[in-house]
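Next come two complexes, and both contain subunit A; in the first it sits with subunit B, in the second with subunit C.
Coming up: the complex of A and B.
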């Protein structure tokens, strides 16, 4: 027994790995170059296990568990790329596309969209579920930014960034089920918000073309979700 | 956040007894944010719904983000943002009640009162709602009239009872 080095060993996809306890399966996978699909995960804000894309199989556990919210444990045996998992990734991706109106060809985020990338990754060629085609609002009331609910996948990355990093808590979620929507203040126009600081972190956090700056032309959208974690780290350093 | 505009409790309209109720509840809960649901309950019961001004008052009193409060209000079916009417008639359309004829009851109410589920009459006297199983399946078909469960009702009976309530008998 070595009481100084507090590491545990786990097996992911037949690969034996040494790691610190307290990390999530997702963190360990990313550190070791094992690809896990994610959508609601954003480094720098709390994980909530909302999108179910990162599901993994753990030996001895019947259900699939989300890698972003499950901590590693000693001698855990994890599988990330079985047929069962691939099937669910595919279903989840199709449901993302079926729920709102994702028309890449006319979207500002075309070519810069995590949802589009996901579609390519899982080899989406058709969607087996009926499209809901909801009539969603496009909120252009903010002087600099646009919120297009048609493109939103309810990952709530914007909500968490606004609350946890900026501390403004302009965004939240209203209603339930397929009626859920991201809201600003009392479900009022973004431009009338009393809490928004116009910092723009939500648009960098947003994986799709739901939040974007007005000052762009098609195809030139720049999003930098990584800056959220850089910011969090820099704040910790308090230089 | 314009927290400096927060209205101290003492400055709220003292004339409205319903506001007084809410102010008292806020005080009792020590203005603690985690008492939000209890305070919303008090407000919902006092007004029958949650008017915008009341929501912003509670929000400021508890120093909560508005979107958080709105999120809570829209999550629970108990809360409503619009008046449900002075009298409410909730028809259960859960499986048991459906089998026992909930649709006929609903049709009769819609026909007799000229109101569809989810609507409130123009004079605000009556609101009609539906719910999926109110947990009284043994009493099916069940209707809740002003918080009172009416067991094994027929379409004719319920129309009579509604009329008695809204005083058109």
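Coming up: the complex of A and C.
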């Protein structure tokens, strides 16, 4: 399997690793069992480096770079678990929770939520910033699905899966800053969408309880985000 | 048109100038600043006045770009004597024309700075306001009609393009730019020659040149004035860049809030195309280059290069992580050179006079001149260009005429929402990239807001944070939520409701947002806060509730 001619060696957290060039730092970490926190990353769609959870320190680079968008290079020395990075991961997580209305106890995704998991992973026991409590809509106009903006963390995984995998481009983003919202078509109710194929991929791509099927109640949500990449891989096969 | 045709046109224009029947030339500033104070009416009235006096064969009236002291406008300049009149209005035109052209005597009371100086300078070139300046990027602004390509041609226009096309290889052009040591004028100060060389080295059939005219810092209007006052200079710089890096297509991204700049730039493109200075086989050579304008829709973040590129591609204007840098993968994935308006405006003088000439101006690490937009509590607000390394004191007091109403200088804000404040004890700081960074500020694109004692520094920090919060694209978490949190904390301090814990949180967030944001907007958003904390910490602490 290994063609040594084409491999490069890099050091991640003091571990020397051989890997193929062209891979991202995140891919190499995951392949080697090095845990990196992510939220906007979803295997199967393009990475955008937006959640900033996967930031790593690279020797000789004065900025923190996102592991999901940075390619490995020969002799790169990467650190993923310094105190600084851990501190920033915690702040990012706190900001996620403070931004909108994340109330786990009454959320359909309770127990199946990537944001909740993230909270546990960084050891979040309280949030030091005031909750913003924005007024967010719940769009129930679609016959089968619900879009609850209260739970949305703007990872845009739904936007990318709809655009890149389904090819429908129903979802997009409007406004700026903390006013950003996911929109269906040109900001019309989801149920009136002319582009949505009701395929449900966005539901599986969503890491939280922002998009969910109507027929479930609190804590019953089942999501399968890994399905997105399986689908992408299957489509590559020539039948 | 080939090289000879261009020479013929220039010769004919120069001949026309030499055998000129006009004895006087009156320049009326028609930059956006003077237009807003009524210079178009002044110009109309002036033309009528000249006509009724039967002087139309002796006097030529031309509209020009910005002359500099914008808050003294409308400005009117009489050549060849350089008598500049300020705050001209339709009622005193007749008197000025009578005295200046008939009696051949300037009216001292109406001259530039007559109301603020003991005695105004008859020849404006003697005034320290102009004497301390060195105009390279702005050289022709205020002298030529920006809407006539012929005016630019007789002022050495397109000579640099001619020179590179016939006498220099792309490598030589890049070497010249490198030798000039010019650094990008958009704010970050990356060496332009190095950037050109990087793009040049990427082999690709298709490359692009982008001119970043999405100037958005509050109080900054350098790029606008260059585009309005001498659009051909920028076009020429872009074409030279295209030749050097091997691009045949350029885009000028100009913010939609600058309708006059867009109009004049588009007109300049049309005129250059007509003369064959843009388009296929420029001046009969194998080099082809064309430029299109793209109009920004009001997002500050689109000044960030990757967001700007997304916007040109027709996508939502949000930045993406770098690397890859635009030099490798830019517009539509092709190698792209992106420079600021002011950088392109400095290219043709560098080619004409040589890189060495340019490198000797300014300081060793920051060569050349920098255009600043002076604003705030300063007597002579407007547009200035000074050699790098000029001290802040010289800018504020010798050029800017000091603080309004004789108040005391408190701080100067440089670099807009990405920059910081320089307090009075550092008035002698040399204005160059390194010195400003060492004070916790940045050069930025050239906005310079002068503040007196009435400015509350916490409120200044809150204002810029509000700006960044509103202008954050919302893509990455630190900038989207972090700027909002910092703004709310600053508001709390302003409202005298904050405690020491809030201040600690604020400082922690500032460092977090600075280090983790995806692009330069978030990465520099905490700068005004951090620099005011550094130099004016007492003002913050005075507002913090004390708990014993």
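Criterion: the second predicted complex is superposed on the first by the 235 of 239 C-alpha atoms of A that agree within 3 Å, B and C clash if a C-alpha of one lies under 4 Å from a C-alpha of the other, contacts with A are read in each partner's own complex, and residues count from 1 in each chain.
In this text, a contact is a pair of C-beta atoms (placed from the backbone, for glycine too) under 8 Å apart; a residue touches a chain by one contact, two chains touch by 3 or more.
Being a predicted model, the structure only gives us computed values, none of them experimental.
In the superposition on chain A, A:144 makes contact with neither subunit B nor subunit C. Using the contact criterion defined above for the overlaid structures, shared-chain residue A:133 touches neither subunit B nor subunit C, since it reaches no partner.
Looking at the shared chain after the overlay, A:55 reaches subunit C, while subunit B stays out of its contact range.
Of the two partner chains, subunit B and subunit C are each touched by A:172.
Between subunit B and subunit C, the partner in contact with more residues of subunit A is C.
When the two complexes are overlaid on their common chain A, residue A:64 makes contact with subunit C while staying clear of subunit B. In the superposed model, A:154 makes contact with subunit C only, not with subunit B.
In the superposed model, A:185 makes contact with subunit B only, not with subunit C. Across the two superposed structures, the residue set of subunit A contacted by subunit B and also by subunit C is 172-173, 175-176. Residues 163, 168-176, 183-187, 194-195 of subunit A are the ones that touch subunit B when the two sit in their complex. Put simply, subunit B touches subunit A in their complex at residues 1-2, 52, 55-56, 65-71, 74-75.
Remark: subunit C residues 299, 301, 316, 320-321, 323, 469-478, 480-485, 488, 505, 508-509, 512, 515-518 touch subunit A in the complex.
In the complex of the two chains, the subunit A residues touching subunit C come out as 48-52, 55, 63-66, 69-71, 84, 87-88, 91-92, 95-96, 98-99, 128-130, 132, 154, 156, 172-173, 175-180.
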